[in-house]
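Pasting the structures here.
Below are two complexes that have subunit A in common, paired first with subunit B and then with subunit C.
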Partner chain A sequence: MFSNCSDPSSLDGLAWFACYLTNGKHMAFYGSFGVVMVLLLITAPAALAFGFGGAMAARSPFLPLRLIGKAYSAMVRGIPDIAFFLFVPFAMDQGLEWLRHHARCPDWDAPIRQGNDFVVCAAAKLPLSSSPQWVHETYGFFMAVFAFAVVFGAFAANVLYGAMRAVPRAQMETAEAYGMSDRQAFWRILVPQMWIYALPGLSNLWMILIKATPLLFLLGVEDIVYWAKELGGAKTTIYAYPHDDWRLYYFLGLLVFYLGLTRISEALLGRLTRNLSHGQATMGGEAQRKAPA
Partner chain B sequence: MKKLILTTAALALTSGMALAESHGMTVRMGTEGAYPPYNFINDDGEIDGFERELGDELCSRAELTCEWVTNEWDSIIPNLVSGNYDTIIAGMSITDERDEVIDFTQNYYPPASSAYAALDGDVDVKAGVIAAQTATIQAGYVAETGATLLEFATPDESVAAVKNGEADAVFADKDYLAPIVAESELVWAGTDVSLGGGIGIGLRESDTELKAKFDAAITSMKEDGTLNAMLIKWFGEDIVTY
Partner chain C sequence: MSCWDTVQAYAFRSIGVGERLLPRSDFTLCEQVTLIGSGLIWNIYFGALALFFGFFLATAVALARNSHHRLIRKPAEWFIFLFRGSPLFIQFFLAYESFVLLPKNGIDLNLGFVTLTASTGWLTRAWAGALIVLFLNTAAYSAEIFYGALRSVPKGDIEAADAYGMTGWSKFRRVIWPTMLRLAWPAYTNEAIFLFHATTLVYFSGFPAWRQKGDALYYASYFADKTFNPFIPYPIVAGYFILLTLVVITLFGLMNRRLNRHLPQAARTRIRFKPQVLR
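Here is the complex of A and B:
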């Protein structure tokens, strides 16, 4: 980055650090913070959507749908995250390649499964072997988003299911008395009121999601923990910037980042709780009602 | 959800079509990027090391377009067989167990010694706590010697465990440990052990064509002496050459 960085061995003190902290590897490290934030911001709504769908299915009057909803939430919650993360992206990737293989190489006669190998024609590879590396990385990233969304969606489904049942029955009866259909009562009465009951559970999930991002590396996405480990490890003189084991300092940096993120999340969730409590038949809502205007 | 999968598939199908024709054969080279001087991520964030230089040379001799990718050691074989990359060139020793799952080219690095490094040269390597990287031939060997095996995901962590006293010694490829012993307080301990059948490029068993290409390229590098020059450049004069 700086012009005097071309020969790091001649530097010392601050100049060495200035060069060290701005080398290509550190730039990738700083970039990975963005990757993690983007992942969180995409995954959270996606997981919520999965959860909402799961909860709706679980309380559906139609039996098969109800079973699907319950099975989804029970199965995914029961499987260890790490097993799920090793399985889902692989299975999904192979499933998509299998579809593409049949669509694009119909006259290919070799079997797809050859012993341990999974072999599809070159045109069916996803992404194509010839695609640039960033395409592969983006693909891996969205695989990760999908896997996270499925896992956290199952937990969210359970939370939302509970929240839907927590809305006082009297509210729904009143809606029926006004002549609303089931659908109308669900969307106009139940959904707006359930969030306050769901929020504590959802905020826990959000916190867990923040800390679960190192699982990304299993999918080949280089996240902040990977880079901290890689950069912090002791370096011999084969590297331009040799140093001892500095993982402690890098992990302290991550600690500050994660604690900061938690603090900000708590502040925002606190505000959200206040807003959602407004007019609710909960202790929080009651306290707001009694407080002098 | 089904709809989502179908849409993604449809999108992927259409977007891939335009790209398919214009490129030749690209081989994706999978490595660990954490095992200097074999392979490591240099300070510019690029993959570097003996295997990078060797791999690029082999690709140009075999007239292949190569793209480098890093993958965690733990899942390096599953990702190969499911087709996320086409080769493993990551200091992987040829062993019978691995050969059952994947194929290897002939070795491009001769069978070499593994060694113990410790803070104290007199440590009993057959009885103490020995650190090694998980799923390596060294880890397998330690488990058989009667010492207590302490496994780590990366080679760097196994060395750090000795420095901070968690393990009595680390057992790894001698050429990986050599620069570390030269530059830190670690010293050699015990006696060297010869393990494995050298290092080769790992390939899917179904990829016989690619294997033949790499085998031919390695043979040509062995014959004209460029491989020996490369070995000496990265591992010093003491390395066993062809």
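Here is the complex of A and C:
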């Protein structure tokens, strides 16, 4: 980055660090913090959508759908989330390739599972082996997003289901008395009022989601943990910037990053709770009303 | 090899008893169920010990956090913030890297008249290193739960204890502590469930599975990688963990009954699921 960085071996002290911390690999490391933020920003609404679907299914009058919804929201209770993170991308990948195989190569007669191999025709590979590197990386990233959305959707389904039940029954009865259909009452009365009841659970879920982001590493995405391991490992003199095992310091940096992120989120969510309780018939809203202006 | 032979060979493989070589080809369902079940020993080991030791530290930290003295309260607050505000995954890595940096030959402790050599190699092994991290982690989460419960101990109970002339230790032991536990128990049950789930992270987070002695998820991912079929090993893990969760809920439910036994039926708190404590 700086002009004097062309020959790192001649540097020492502060200049060495300035060059070391701005070399190409470190830029990729800083970029991976962006990957984490992108993951958070995509996963949060996706998980909310999954959760909303799950909660709606669990309330459905149609029995099979209700059972599916309840099973979906109950599964995270008994099964470790890490098992899902390992299973979902793997299974999704094979499922998609299986579907594409049947769609694209109908006259292929060899079995797909041959012993310990999973063989589909070349046109069904996902992503195609001819596609460039970034397609593979993006595909892997979105597989990870999907795994996160499935797991956190199940948590969100728990929270939203509870929130829907917390809306006072009298509100729904009033809606029925006005002649609204079930669907109208759900969308116009229940959904707008449930958020304040869901907020404590959802803000907790956001904190959990933040703390789950390093698990991206397990899914093979080049995230901050990957780079911290990569850059921190001891480098011999054949590298431009030789150093000892510095992984401890890199992980300390990540620790500080996460502590900061959770701290800031806590403050923002506290403010959001205050704003949303405004004018609500809850304890928080009542306290705001009584407080001297 | 019949299924019973497989069970004999692999039932305790995860702790180094039985066949040394893992199955390499022609995987049978029996092998998968046995080996993954053998890995569950480690999950139970980590979960149970961390929970047991963590309980005492958590009580101490919760009391410290409730203290009037700044010097006692602040460290407790920082401890809780540090372990609750950062991912367990990073904590594992950090712990492993710092244990690795300790001198290999051990640290010489000079006690003046005799020099003791404290060996440090065992800290880098999962059975000790990961247990320490899980212990501190669950202590922080439980301390926050206990602190919340401590703050909601009814004023009347404490005044009644005062009226009986109880002070200090006997007041804590007979009035405050049982009530605190009773109030905290439903949330603490959830913490226990998620601690057992968190133990699956150990062998994916820096701590190496020495001689392929790993936990349930380690063997499941071994099978999934070898057979290229995730649809058998992961549901087996899921089944084992659902059973483990049911056992935890039953045991904690019994304790909950005991803590609430003096209350009328309607006033007892039931254990409800709240995903408060995923790491």
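One rule holds in what follows: the second predicted complex is superposed on the first by the 287 of 293 C-alpha atoms of A that agree within 3 Å, B and C clash if a C-alpha of one lies under 4 Å from a C-alpha of the other, contacts with A are read in each partner's own complex, and residues count from 1 in each chain.
Just so we're on the same page, contacts are C-beta pairs under 8 Å (C-beta built on N, C-alpha and C of every residue); 3 or more make two chains touch, one makes a residue touch a chain.
From a predicted model like this one, the values you see are computed outputs, not experimental measurements.
When the two complexes are overlaid on their common chain A, residue A:145 makes contact with neither subunit B nor subunit C.
Once chain A of one complex is fitted onto chain A of the other, the partner contacts of A:97 are limited to subunit B, with no touch recorded for subunit C. In the overlay built on the shared chain, the residue A:213 is in contact with subunit C alone; subunit B does not reach it.
Shared-chain residue A:276: touches no atom of subunit B or subunit C. With both structures placed on the common chain, the touch criterion links A:35 to neither subunit B nor subunit C.
In the overlay built on the shared chain, the residue A:194 is in contact with neither subunit B nor subunit C. In the overlay built on the shared chain, the residue A:82 is in contact with subunit C alone; subunit B does not reach it.
Contact with subunit C, but none with subunit B, is seen for A:259 once the two complexes are overlaid on the shared chain. Once chain A of one complex is fitted onto chain A of the other, the partner contacts of A:233 are limited to subunit B, with no touch recorded for subunit C. Subunit A residues 86, 90, 94, 116-118, 217-218, 229, 245, 247 lie at the interface with subunit B in one structure and with subunit C in the other.
Listed in rising order, the residues of subunit B touching subunit A in the complex are 1, 5, 8-9, 12-13, 16, 19-20, 23-28, 33-34, 36-37, 40-46, 65, 67, 69-72, 75, 78-79, 81-84, 86, 101-102, 154, 156-157, 159-160, 163-164, 179-180, 182-184, 204-207.
Subunit C makes touch with subunit A in their complex at residues 25, 27, 81-82, 85-91, 93-94, 97-98, 100-101, 193, 196-198, 200-201, 204, 217, 220-221, 224, 226-231, 234, 237-238, 241-242, 245-246, 273-276, 278-279. Those residues of subunit A whose C-beta lies close enough to touch subunit B in the complex are 8, 23-25, 27-28, 50, 53, 86, 90, 92-97, 99-100, 103-104, 110, 114-120, 122-123, 125-133, 136, 217-218, 220, 222, 229-230, 233-234, 236-242, 245, 247. For subunit A in complex with subunit C, the residues that touch the partner chain are 75-83, 86-87, 90-91, 94, 113, 116-118, 155, 158-159, 201, 204-205, 208, 210-215, 217-218, 225, 228-229, 232, 245, 247-248, 251-252, 254-255, 258-259, 262-263.
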